[in-house]
Structures are given as structure tokens and as C-alpha cells.
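Okay, structure first, notes after.
A, B, C, D, E and F label the chains in the order they appear, each numbered from 1.
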Amino acid sequence: MKALAAMTLDERVRLQFEVEQFLYREAELLDDREFERWLELLTDDVHYWMPVRRTTTAREADGAFTQPGEMAFFDDDRAMLETRVAKLRARNSWAEDPPSRTRHFVTNVQIKDVAEDEITVACAFRLSRTRLDSEEDSWVGRREDVLRLTPAGLRLARRHIFLEQTLLLAQNLSNLF
Amino acid sequence: MKALAAMTLDERVRLQFEVEQFLYREAELLDDREFERWLELLTDDVHYWMPVRRTTTAREADGAFTQPGEMAFFDDDRAMLETRVAKLRARNSWAEDPPSRTRHFVTNVQIKDVAEDEITVACAFRLSRTRLDSEEDSWVGRREDVLRLTPAGLRLARRHIFLEQTLLLAQNLSNLF
Amino acid sequence: MKALAAMTLDERVRLQFEVEQFLYREAELLDDREFERWLELLTDDVHYWMPVRRTTTAREADGAFTQPGEMAFFDDDRAMLETRVAKLRARNSWAEDPPSRTRHFVTNVQIKDVAEDEITVACAFRLSRTRLDSEEDSWVGRREDVLRLTPAGLRLARRHIFLEQTLLLAQNLSNLF
Amino acid sequence: MGAKDRRAPLDVAELVDFERGLVDRRIFTDPAIYQLELRNIFARVWNFVCHESQIPTPGRYFRNAIGNDSVIAVRDREGAVRVLLNTCPHRGNSVCRADEGVARSFFCSYHGWNFDLNGDLLGVPGYDDFYRGTLDKSQWGMASAAQVQSYNGFVFATLDSEAPPLEEFLGWVGRVGLDMLCARGEIEVVPGVQRNLIQCNWKLAVDNLFDWYHPKVSHASAVRLNVLPESTLYPNDQMVLLGDYGHAIGGPGLSSENQARLERQHDESAQTAGADGADGSRRHAHAWRLREDVRERMGPVGVRTRGHPNIFPNLWVASGGTQLCLRVPRGRGVTELQWYTFVEKDMTPAERREVIQHAIHFFGPAGLLEQDDGENWSHSTRGAAGTAAGTRPLNFAMGAGLDAVRADGDQASIDTVVNEHGQRWTYQAWADWLAAPDWPSLVANHTAPPTEVI
Amino acid sequence: MGAKDRRAPLDVAELVDFERGLVDRRIFTDPAIYQLELRNIFARVWNFVCHESQIPTPGRYFRNAIGNDSVIAVRDREGAVRVLLNTCPHRGNSVCRADEGVARSFFCSYHGWNFDLNGDLLGVPGYDDFYRGTLDKSQWGMASAAQVQSYNGFVFATLDSEAPPLEEFLGWVGRVGLDMLCARGEIEVVPGVQRNLIQCNWKLAVDNLFDWYHPKVSHASAVRLNVLPESTLYPNDQMVLLGDYGHAIGGPGLSSENQARLERQHDESAQTAGADGADGSRRHAHAWRLREDVRERMGPVGVRTRGHPNIFPNLWVASGGTQLCLRVPRGRGVTELQWYTFVEKDMTPAERREVIQHAIHFFGPAGLLEQDDGENWSHSTRGAAGTAAGTRPLNFAMGAGLDAVRADGDQASIDTVVNEHGQRWTYQAWADWLAAPDWPSLVANHTAPPTEVI
Amino acid sequence: MGAKDRRAPLDVAELVDFERGLVDRRIFTDPAIYQLELRNIFARVWNFVCHESQIPTPGRYFRNAIGNDSVIAVRDREGAVRVLLNTCPHRGNSVCRADEGVARSFFCSYHGWNFDLNGDLLGVPGYDDFYRGTLDKSQWGMASAAQVQSYNGFVFATLDSEAPPLEEFLGWVGRVGLDMLCARGEIEVVPGVQRNLIQCNWKLAVDNLFDWYHPKVSHASAVRLNVLPESTLYPNDQMVLLGDYGHAIGGPGLSSENQARLERQHDESAQTAGADGADGSRRHAHAWRLREDVRERMGPVGVRTRGHPNIFPNLWVASGGTQLCLRVPRGRGVTELQWYTFVEKDMTPAERREVIQHAIHFFGPAGLLEQDDGENWSHSTRGAAGTAAGTRPLNFAMGAGLDAVRADGDQASIDTVVNEHGQRWTYQAWADWLAAPDWPSLVANHTAPPTEVI
């Protein structure tokens, strides 16, 4: 692809449309619990990572998130994501039986970079989860995704998820972001 | 209209823009309590439906929502919606006096189908309601709308509202989604 | 710029894109705590205003918000906003040390008017704030912004923030909307 | 002086002044009162749990609550309805998390103890290897309600083995109340029980069902739309039935003369509903009331009432006899409303649709009527917590001391105008329940239906 | 051994050690203490409810709270200000849900009882038909505050009929405190009362108003911006006035010498504000204090104080005399802050704007100063709940035993440096209020303003 | 009859029936029990606060909780670890709001009192000018834990000066439990302590750690994926160690024969882990157990256990000895889980990565195993609050009365199958702690490790 700076306004509008539609569709597959079809949207070398956040003073704010190689909530390759999906599908996967009702709100989508076949996209997200008698959790934060243009269309090659919560308020993270 | 598959990328971008702007405008009319102008955006044969959701096991997840003809929270034709608006406007319509402050967040808009003069649109929504001393309710879910292209512009011909809550946490549903 | 009514659909699509990207970028600067760079996006004559809302009967609903010149939560010119940013940057600015984690959700963006070099934009917003051990506040409402097209690009010339809350549920308003 | 509340603990006997129609507001907010309600009322009374049509075949279940206990109503292999405490006897986990469905057995997600549909402990992983046979399975099944009985399809359960039989508990008034729903024909629940929360004490929701005083004001906007004929709101004739243990029916009745006229009209045209169009155009309207079997079972007085029954403590036969509304306490200040909508099995699709549309558009959280009720109750609850407001009794005095009771045998009824007898009766019974240490005491000491002016 | 708390109930007399300046932390968290505060303080004291300019004409009302009771301050048909309990005497519903507005009467949304602006029960639907005339309307109006009185436009109400007159309650210190706002001229509230919640015990918000120790640290970031001249934060001269029933004023004062100099300057130029630029460039600054009538009403000592008054229990005369801040308890650990901003009616638009901009930018939830306060209070509240932390008393010892009191007649004042006398005084009075079973006892037994070293 | 609960206050001695394995459900919901736990357990016991590697250098701190008190673990200037109550002695503000970091001193954001890393009060603004030297700084430093001690890098603190030394408190079982983590080599915490909330009583989270009965069911979906070899779930040999004060270890052990075989294998190849692949492919597996120093410190019985230790009350040595999980009560019905992951300092990057990936993917809130646990505990907690459910004891009877204890000196162990001894032991100890008025009494009266059949 052209570099972002080299694109015409119309090209950028079109790319924005395609990226947003991809992200919406991808979110919908998760919310519809079409996990296998969601897996199809990932590259083989996908990296899915959610570091641990800590409350720090302003002075030490750079150290809020753990770094790659340290502890994380998710630090998954494709095989691990397939395992997660297999677990979600398995009988007696109790955390999700009865199934959670999730809704991914993907907003403020910004294409930050286009390099070769990869598009770096930032968004603000809110994942809302409702379970049983309307017990509600929500997670808010910033996502940085890398989408790769493949012959089969856009694919998710990297997802970095930066939550606002330090102490997670929910009983688990049994859903995908 | 052209079928979705037959559209060029530019055509899809334009249609997306028009659909989104329609949905934003329609939401704004509700939030501004311009209910009569909102009614103008509905077709005469509009169907406005919110089924009842039940928590089920994963195995029986298909049965979560009630079916047409069963109980629902909303199952309204145009006349009923006009009645609702008339009620909202009547003096001493206590559920809405003092008026609720609502905000409709319409995101993840996807055009799922274009057939003849009808556009099927899915979105993730969050309706936030604030009353009195800042008592807050919110409803999250998926909406499936059918917009019809009429000589007067786009009109809402069908709205199916799928909430995440099974037990509604709010004292009533005195607002429109 | 052309008046809105005189624009072609494509021109409106492009303007929508540019306005949305501006708002997303501006929100991101706040969430990233890049306050000085955020200030660069303001015009010198910017007016930043959040009136006080009161619960009223339906009959007196027009009086819900205070008027210009009455009390407000924010009624700031550029100098005052610079002072706020300077305060945020000062050592021992305790309300924001440890820093709050904020996320601005900007949705339902509508261009309401284009006149000369100014674009009036309405949106639904939700500002979510997380502090310390995941104490969460959120503010929901409507924003009406005026963006001005300058040689350096779009700039924020006016922001009117209409919250839904009458009684604010949070301990302070130490963040920017 | 210590910081402890210097007021004496509340004395139940002084909280309700039946004669003057005054009720102490603290009964809506006091935590000890609430605990006492859970123990002395909900853990003792016959609680509605579901309708048999909701669980027609073995394995079909419906989850509900008895007070603050979660229960499962389930059809067992023999076709009997069981009501099980939804808590695993092993480590207390919920055995059932779904609202409804069909199960072959109940399998606990923690350690896999598996229970038959009647609660019997079927399977225990490691019974031989780990327990080495020492677990007495017969003692560790799911706890059942002490008694489960149906009245014409309505399933009730009590956690108290001393409770008298359901029909005795219901008495004439309770039976008449349920008959208003089930005497029409064979009925079934329409799929989709609506549920929502109101931030109010459960009793304020309950007393409202007798409240034929509020519609013209609370529901003024609906009245203005002519969606409700105004005649239904302030009917000329009101009739009150008061029964043992707190059951009551209040609301429109037919005077004997009108009843007689209705009967004559009916003789003329079995298809005509007669003068009382209160419940709209629904077929037959009240014609079913003229059936011989109905007259026999409801009695000459019962057949005349068109009011709102409350099966004590919290089951409203609503919406002109096509819905039940159960009010489940979820805390002192939170009540869950459940709406069950019934159709007769032999209705045409159009008739069925009419009933359902009526239910959706008038009742339930989005109903044109119902949406205006909740905030009144939540504000009444909130107000009761005020230090000064809490000292002022609520007023239920409308009609107090003014109306004669007609006693036909043990059937007490009052023909009168709009009134608050039903509410007073409910609170008086409530005080009886709270004061009684057990069922025998309640049987012996509860207030008997009045026979004189009340 | 039983599971009940083995500690004795809190003994109010031991919670506050005035002399050593120690306060038991449990007073911020104990539920029984909070209930006692609602009854013995808020349901008894003169509570600020609004300023008369907010409700200038008949029918104008402003909703507020007295402790945990909702009240309506309203101008009645005769022009008198009434304070009504916002709870319908019928079934307890809130009669008024708006924050402010204009009403011809108060119409209850539940059954339509309609109340005159003075609370009288005007209309009862069905009075003849349903109540059949038996309801004594004169007994079932809205409850009023026992007494309502204004001090120069500030409306106070008490729920206790035994309370002494407002001016007697205020005494010299309370009056001087309010005079700092109202002696300047004719004042009015600017539309828009800012309200927000802080997760703190109300007393921790109150004691902070005397706290001239915290600004340099809590508000360090604002200080660094030079938006606050540092001289205002650690002024050389501090002055404390202590009054009956807990009123106090603490903060900057002028020494007699500086006061004399100010007067000389004023004689030279009536337009010059003199040396005390503490409150910025606002017109006249403190020149109004030199007016003959002001000197007479505030007295020679009162006229010298520039500190922060607290009208016990929870009304702060703030912001250099242009704002009031009321701290309403919304639970043990939640406080609502209300900010009222005042302008003089004869101000120019520019002067008016200056006052309003100052109020917006320094105080209220987005104020450069105020935004840094809340978290300190909420964390102090939270910390007090700790099992170990709760056993350690808070320290309010600054200045304890070090400062002589100058008594001019019954006017006690202290000239000193930054101190915690105001806080200690407030907690001592708080203990008096909690210990007194009623007003006569409080009058007889409260701590009198000191006359010696404290 | 009054509205007060007529049931006697709970009698701690009757809540736990050790012999029959029955536990009263009210211990999970009763507010007075919870307060008693905070005082008699958490304010008295040795609480884990951090590992020394988290605060390696002076000024490094980690914030944590002891019961409901916030504390700071910090390395002081001399290199000693201090545990300070995170509440300013002045007005109670939190002195530290960050989770971790490095500080030169602790500066209170309210008035700027400044505390040395050991809690000493260093700086008091206005000490001379305002306090005029009267504040005894030596008395107003930050409160410290009464005692702080480390066991091989694990930092524990107690708020009770009467507590015996940490090693005595731990006893053989507690030390063996921690040795399973620290005897492998020099270890350190990987940055990033995972924390999340579960809506359960803390004891239900704790008792689950001994629960080798639930994995095959609770974690059935993970088992099906073969990510967990099934052999690890129902190992043939189980071993239980029971210690003083409630410490216990339960789970897989090696029989003496297998242990002997393992030793032989090890002799043959120091690189081979042997037959017990329970913890996957991690290097050396249990080879470290064969080291002479380890055998000496853990003893011949201790070295054989591969189970889950709980350091009473709430510290789980988890994940096969690479993680600690602390369960902090945040209310009767809310528990915070904290996961600490350890690596050996001399691991290769690949080994280190393997440990971390295992921790992320199996434990913590997103772990394939752990995500299924929370709802069982929250529903068990919720169910216990039911009026009827609350009267039925939970069943921890598996193995009760069936297993002989082998006593090697003071080292009591049981070789058996899957069982609930560890849970029973924990609840029995819990009752001892609650019943004891102080440490000497607990030392004298706690249940001694069994020596016969239990």
C-alpha cells in the first residue's frame, strides 16, 4: 500500500471505511460467538497481548504497564487463541455457560500508520459483558491493532490491549477483546 | 438500489455515510425529545420490536429471545408508536416528568444487506438515561434496522432491539431505543 | 468553505472524515495526557463552556441549563485552559497524581453547519475516568463544537459541553472534556 | 450516653393501626423488619413459583425465588412438580444458572454432584474412591420445599412443613382470586416472563394493586389518550373481599342488580359481553362468569367481583385476569417484578394476539400504564428513610369505619366506593404474620375476616 | 464466645479530647454515630436551606435536604418562606422532584393530593365520594419545618420546635460569619448551584474549612501557577472566633495595628482596598468593613476577621465572602457539596463577571483549588474504617494550650498563627450535640466559648 | 414481640463441626463474624505483604492490605523492610496512592507531613511557627506493623506485638509450604502482580486451594483440551500435612516407593525429572527436591509433597510452586485475588518465558483454569445468604474419620486419596482463631495437629 502521507484524501476515506468495517465485523463475530470465523480473521503470526497496568505516581507514569516478557493478562499466539476458542466451545466451559452476552464498542478509529502491507490502527474500546441476572462488567481502554492486507482481505496481525483498570473489577477475563 | 455486492467501494462509502447520518439524526431527535419529528422518520408500516431475553444454558442458547407472537417489551406498529409519543407529550406523563435525559450511542454500524429500496443495518447501541439526582440506567445491545429509501429520503421501516439484560435493571422502559 | 447545502455528497463524506479524525486525534491527545499538544489544536479565541444543569419539570425544561454569564462548571478562555494545563503539569497536582486514566468516546458525529471557515459539529460523548484501584466515573452528554479551518488545519474554536448529570457524581472535574 | 440508637426495638404490634388506617413508615426501611419478613413470611407462606404450563414435560424447569432463596421448579420423571432449593448441599454452589430450560438432571458445576429431577443425589464423583462409601446419599440430595401443591395449575411451594394445605391457606378469597384467571378455560403461559427491578420496598408495590384511587392521577397521561376508558378507572361499584391470612380482592364489582342484568343479557345473547367493557373488546369478556361450574366454584359473591386479587403476600392477579404479577423482594429497598401472561389454549390466533398486545402495551416495564408506577413507589420508599419523615405514619384511612361487611356464611364482602380496605387488610395480616412465631400460632391468632363495619 | 462485637458501644464523651486535640476515628465510620447525628444534630439544628433571592416571588421553590430528609423551600402566597417536608402525608411519595422552579401548588403524582404553597392540603380527589368527608384535611397537610427564620436573607429551618430563635442560635460568631457575605450590600444568588458528591464523611469536609494549614500543600499546583498569591495561604496574622453551639471562624485576620492602618488608608482614599489583597482585585475589597453600620453590627473584633466561618454544623461562608458551601450528608461516607455564588445587586456587569469567574475557576468541582481537596477527604474517611487505623485518634493539636483568648464582653477571639482551634471547637461542639437528649439540655450543657488559654 | 432477630448471636464454637465435616453457612455472610475475622485473624496473624525481590533497594515500595487496613511495604535506608500503616497520623489521609514505585520519603498530600522510609516523622510544615515546637514528632510517625519478618524472602507482618516469631507461627507445615517455592533456588517476582475481584467470601476462595476434587468438573473444558494432563487432576497418591494455627498442605504426594524410585532415577541422571510430570516440561521438575539441603530443611515427609500449601489464613503457594496467590478480604462478599509469579534468577530466557506463559495461560483471571472458578465461589457465597439455604451446613466430610495420621515426631502427615482434610483443618483453625481473645490464649488453646485417625 501507499504510505499514509502519500495517500489522497479519497484514498484515506476508503481505507478508513474498510478498516472500520473490518473491525466492526470482527467485533460482531465475537459478540455473536462465531469464534471459529473470528479465528479466520487472524494471521498465523498474530500476537494478542494485554499487559498488567499498575497505578503509579505521575513521575513514574511510564512504568504503568508491564513490558513484553513480563506478566500480562493475555500474551497469546495463534495456537493459544485457538486453544481459547476450543475451550469456549468445549462442553462444561462453565465461565461461559450460560454464555455471557458481550458487546464490543469500537470508536475513535484512527489509522496511525500504513507500511507495506500493514495498517496500524488505534481505537477506543469498551467491552460490555452481561451475565445471568444482568450482572454487568465493562472494560474500557485503548487498542492498537495491526491489520495486514492479504490476498484474502484484511487480517488481524497484532492486537495490543491497554485497559484502564489496574485492579480488575470482574471475576475473570473469559472473553476476547 | 444496487445490491451491496454490486456496489463500488465509493458507493459503499457514500451509502455508509448516509446511513450513519440518518441514524445519528434519528437518535438526536429522540435525545432532544423531538418526538413528532422522529415519527416523521418512520414508514407507515414500521415495526418496532424488543423481545424478552432469558438466560439459558449454552446448549439452549438459541432459545434466549422470545419469538414474534410471544411476549415482548415492545411490539409496536406506527399507531402504537404514535400513542407512545402522545403519552410522552401529555400533561402529567409522570415517568417522563421531570424528563429523563437520554443519550443514544450508535456505533459499529454495518450495512448487512441492500435489497430493492431497503437497507438492513446492524449496530451496537448503548442507551444511557439519567434522571433526577443523576440516577443512571443504561441499556446495551444490538439493533437491526431496516431503512427504506423513499422519495422523501431514508425512513425507518423496522427496528429489532436485542438487549443484553434478561432481568431489566431499570424501573421502566419509558424511552425509545 | 462551501455551505453545507451546496456540497456534493462526496464533499460531505470527505469533510466528515476530516472532522471525525480531528476529534479523535484531539481526544487522544487528552487521553495520552499530551496537554500542550492539545492546546495547539485550540484557536486563540477558543471558548470552552459547561453550564450547570438542573432537574426541572417538563413544563420548565427550557430552564434546565444555566445561561452564559451565569454559573457554570467551565467557562474558560484560552488563558484559563493554559492555566489548567499548567496546573496538570505542575508538581503535586494531587487531583491528577497518580494520573487519572481517561477515555473519550466520541460518537454520533454530525456536521450541523458550515459557514465561512467554521464548522459546527455535534456529537454524543462519554468520558470515562478510572483512578487508583479502578474507581470509575463517567460523564455522558452532548457536545457542540465549532472547528475553524486555519492555514495550519482544523482548530477548535468553541466547545459547549452539555452533561446529563445535575448532581455530579464525581469528586471533581479535574479532566478536560 | 452511648451512641446506640436510644429508641426501643420496633414493636410489631404498634406498627399497624388497622382501625385508623395508619402504618409506621419504618416497616419499609428497617433492616430487622426485613429479616423478620424473610423468616416469618416468605420462609413460611405458600409462595407462587410458576404455572404448570411453563414446565409441561419431565425435565422442564423454571428458576424463581422464595424470599431470598433461589429455587427451581421442575417437572420430575413421574410428571410431578418439584421445587428445589437451588443450592448444592455440598459446597453451596447454584446448581442451576439458567432462567428456564430442560434438564435430564441437575449437574453441579463445582464438583459434579448430580441430582435427579426430584433432587435426589444420583451421582457423586469419587463416591467409592474418595468418599469410600461413607457419604449417605439419601441425606445429601437437594433440599426440597417442605410442601408443593397446585391450585388449578398454579404451583405454590412452602418451606414450612407445618403450613396447612394450599387450599386451606387460600381460603375462599384466595381461590376466587385465582379463579378469575383459571376459571375461564384451560390456560397457559405465553413464553417470555418480563422481569424488572424497582427501587422500592416490596409492600409498596403490593399495596398498590388494591389502589383504584391512583390510576386517574398516576396514569393521567394514558387516560388522556383514551387508551383506557375512563369508566374503568373510577367505576361506580367497588367490591372488597377479605380473607384469612391476608388475601384480599379489591376493585370494581357488579352490584347485585347489575349482575342480574348481566345475566339476563347473557341469556339473550351468549355472545355478548354486556355492560362491563372494562377489559376492552376481549372475547366473551365476563361471560365465562355465568357458567354453572364457575358460579358454583366462585360463589354468588365471588362471581361478581372484577377487582384485583392479591394472594398474600405478593401475587397479583392482574390485567383483568390475563396476567399474574409477582413481586419478589430483592432487599429492603429493591423489588423484582415478574409478569406472567396467560392465554386460553383454545383461543384463535387473533384472540391470542389481542391478549398479548394488551399485556405488552399496558403492563410490564414498557406498558403505557405500568411505566408510571415505579417512581412513586421508589420515592415513597426513599422518603420513609428520612429521619423526620420516618416518624409520620402513612395514611390508608379511606373508608375506614365507614363500610358494613356482608357475611354470607364465611364469605365476607363489602360493596362500596373506592377505598383502602384492601391495603389496610394486607398490612394488618402482615403484622399478624410477623408476630406469630410459627404456623400453629398464626392459625390461632391471625385476624379473622371482619363481620361488622370496618 | 459469641460473634458479636465485644467492644462496648461507643461512648460519645470519650470520642473527642478537646484539650489534647484528639478525635476518635470511628466517628467517621460508625453507623450508630451517623444515625445519632441525623437525629441529634440535623433534625434539631437550624439548617441553611436557601437564600431568599433564589425564591423571590410566590410559588418559586428550591429543593434541598435537611439531614436525610428532602425539603422544599418555597415562597407562599403571602410572600413568606415555607420549608416543607418533601413527602406526601398520604403514601409518602415525593411531592416535588425538580431541583427548582415555580409552582402554583404541589400536586402529588401518585393520587393527586394537592397542597398549597404553605403545605395546607387543598384538594383531595374523592374527598366527598370516597373519603365521604371523614378525612380531616387540617391534619394531613405537608409537614412543615418546626421553625423557619431568615437572617438577612439566609433562610434557615429547624425541625425542632424547642430550638431557640435563629439569631440566638447564631450568636455573635454566627452572625459575624454571615455578615461577611451580606454586610457588603444587597446580594443575590447567581443562577446555578453547583452540586457534586465526595465519598467522604461530612465532618472531614467541614473541618477542612478552618484548615489554613493545607493550602500550601494540597493546592501546591495552584500556588505554583501564581493564581493564588502565596501571601493569602500563610498570612501572618490569624484570628479565631469561637461561638456557642459550635460556630467558629478561623483564618486570616488583621492585627489591631494593621486594622488601624487600613482605616487611615481608607480615610485617605475610599477607593483603595489597602494592604490585604487576599481576595484579589475585587472592587472595594474590604472597604465595606469600614462602614459605620457594618462596624456596629460586626463589632470591633468581628470587623477584623477575614477568615472562614462555619455556621454549625455544615455551612461554610467561603471564597472570601462571595460564596456559601453547604455540606449535606448523604450517608456515613458520602457528602454532597453545594456551592452558592453571590453578587451584589448593584455590581457592574464586569464586577459581576469577575465574581462569577473567580467562583468557577477556584471553587466548585472544576475549580483549580477545590479539585484537589476531595480525594484527601475520601481517603481519610476510608482509612478510618481500617481495623488497626481506626484505633488511632486523629490529631488536631496544632495550637492546643498555646493561645490566650481575648474576651471582649461575650466576644471571644484569639489572635495567633495558623492553628487547629476551629476544628477542635467544632468537634467539641459536635460531642455536645450528640450527648444532649434535647434542646433545653443542649442549651444548659454545651461548652461555653473559652475565656482563658485554650 | 420485637422486630429484632430472635436468634441468639452466633456461637463460634458451634459453627464448625470438624469431626463430621460440617460448616455453618452463616460464617460466609454474617456481618459480625466478618468484623471478628478482621480483628481476631487479620489484625493478629502474620500476613504476607510482598516478596523481598519486589522492593530490592532503599525506597522501593509495594502497597498492599492487611485485612481492611492499607499498608506499605518499603525498603528503608538501612535496607530493612518496613511495613507501615498507609494512613497519615495527622488527619488520616492515605500517604501512598500508587501500587508500587520508589520514594525518598512519604509525603502526605494533605498538609505535607513527611515521613522517612521507616515511618519516622521527618518534616512537619510549620513545626516551629504553628506548632511552636509542641508536637512530639517521635509520637506521630506512621504506625508500623508490630513485627515484620521474612522467611527466605517472603515478607510477613503482624499488627500484634504478642505474635510469636514468624518461623514459630509457620511451623513445619508453613515452612515446607514456602520451601516448595523458595527451595528451588534464588527466586524473584516477575513484574506485574495480577489483581482482580471476585464476589465471594474469602474463605470459599481459600478452601478451594485444597480442593483436588473440583478440577475434573470445574475445569472440564480445560481438561478436554489436553492442556492439563488428566493425571495431574486425579493423581493416585494424595498427601496431607496439617500444621499448627491452620497451615496445611493438600494434594498430590509421592508414595515412599515412588519417592525412592525417583531418587534412584535421579542418581542415574541428574537431568531427568522422573515420573512425576505433573508440572509439565519445566526444567529439573522436582529434581531440586533431591538436594541435600532441601531434604534437610523440608524433611523426608515434606520433600515428598507436591500439593497445595495454604499459609493460614490466605496465602496459597500455587501453580506447582511458581506462584503465590493471596486472597484479600474486601468485604464479607468480595475478595481480591493477587497473583505473584516467581522465576529463578539463574533461569535461561526460555525457561523464564515458559514459567511466565504457564502462569498467564493457566492462572490469573484469563487463565484457562482459573477463569472457571470464580462463579462457583460467588454463587456459593450468595446462596449462603438465603434464609432457608443458610440453615443447611456445607459438607466437607470427604475422608472424615477414614484416614490415619502418620506422626514423625511433630510432623503429621496423611497418605490417602482425594479428600477434604485440608478444608476441615482450615475451618477448625478458623474457629480457634475467632474464639481466642488474644495470642497467648490462641497458643494455649488451638487445635493441635492430629496424631490419630481423623
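Methods note: a contact is a pair of C-beta atoms (placed from the backbone, for glycine too) under 8 Å apart; a residue touches a chain by one contact, two chains touch by 3 or more.
Bear in mind the structure is a predicted one, so any value in this text is a computation, not a measurement.
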| item | value |
| --- | --- |
| Listed chain pair C-F, B-E or A-F that repeats interface B-D [over half of contact pairs the same by residue number] | A-F |
| Separation of mean Cα positions, chain F and chain E [Å, integer] | 48 |
| Rounded Å distance, chain C centre to chain D centre (Cα mean) | 51 |
| Centre distance in Å when chain A and chain C are each reduced to the mean of their C-alpha atoms | 27 |
| Numbers and ranges of chain C residues touching at least 2 other chains | 10, 13, 55-57, 92-94, 98, 105, 107, 132, 166-169 |
| Junction residues of chain E - those touching two or more other chains | 97-98, 109, 217-218, 372, 375-376 |
| Those chain pairs that satisfy the touch definition | A-B, A-C, A-D, A-F, B-C, B-D, B-E, C-E, C-F, D-E, D-F, E-F |
| Chain B-facing residues of chain C, complex | 9-10, 12-13, 16, 53, 55-58, 61, 105, 107-110, 122, 124, 126, 140-142, 164-169 |
| Partner chain F, residues of chain E touching it in the complex | 1-5, 25, 28, 204, 211, 213-214, 216-218, 372, 375-376, 379-389, 392, 394-395, 397-402, 417-419 |
| Chain B - residues contacting chain E, complex | 92, 94, 97-98, 132 |
| Residues of chain D defined as touching chain A within the complex | 97-98, 109 |
| Partner chain A, residues of chain F touching it in the complex | 97-102, 190-199, 217-218, 220-222, 224-225, 227, 336, 339, 341, 352-353, 356-357, 359-361, 364-366, 368, 370-372, 374-376, 378 |
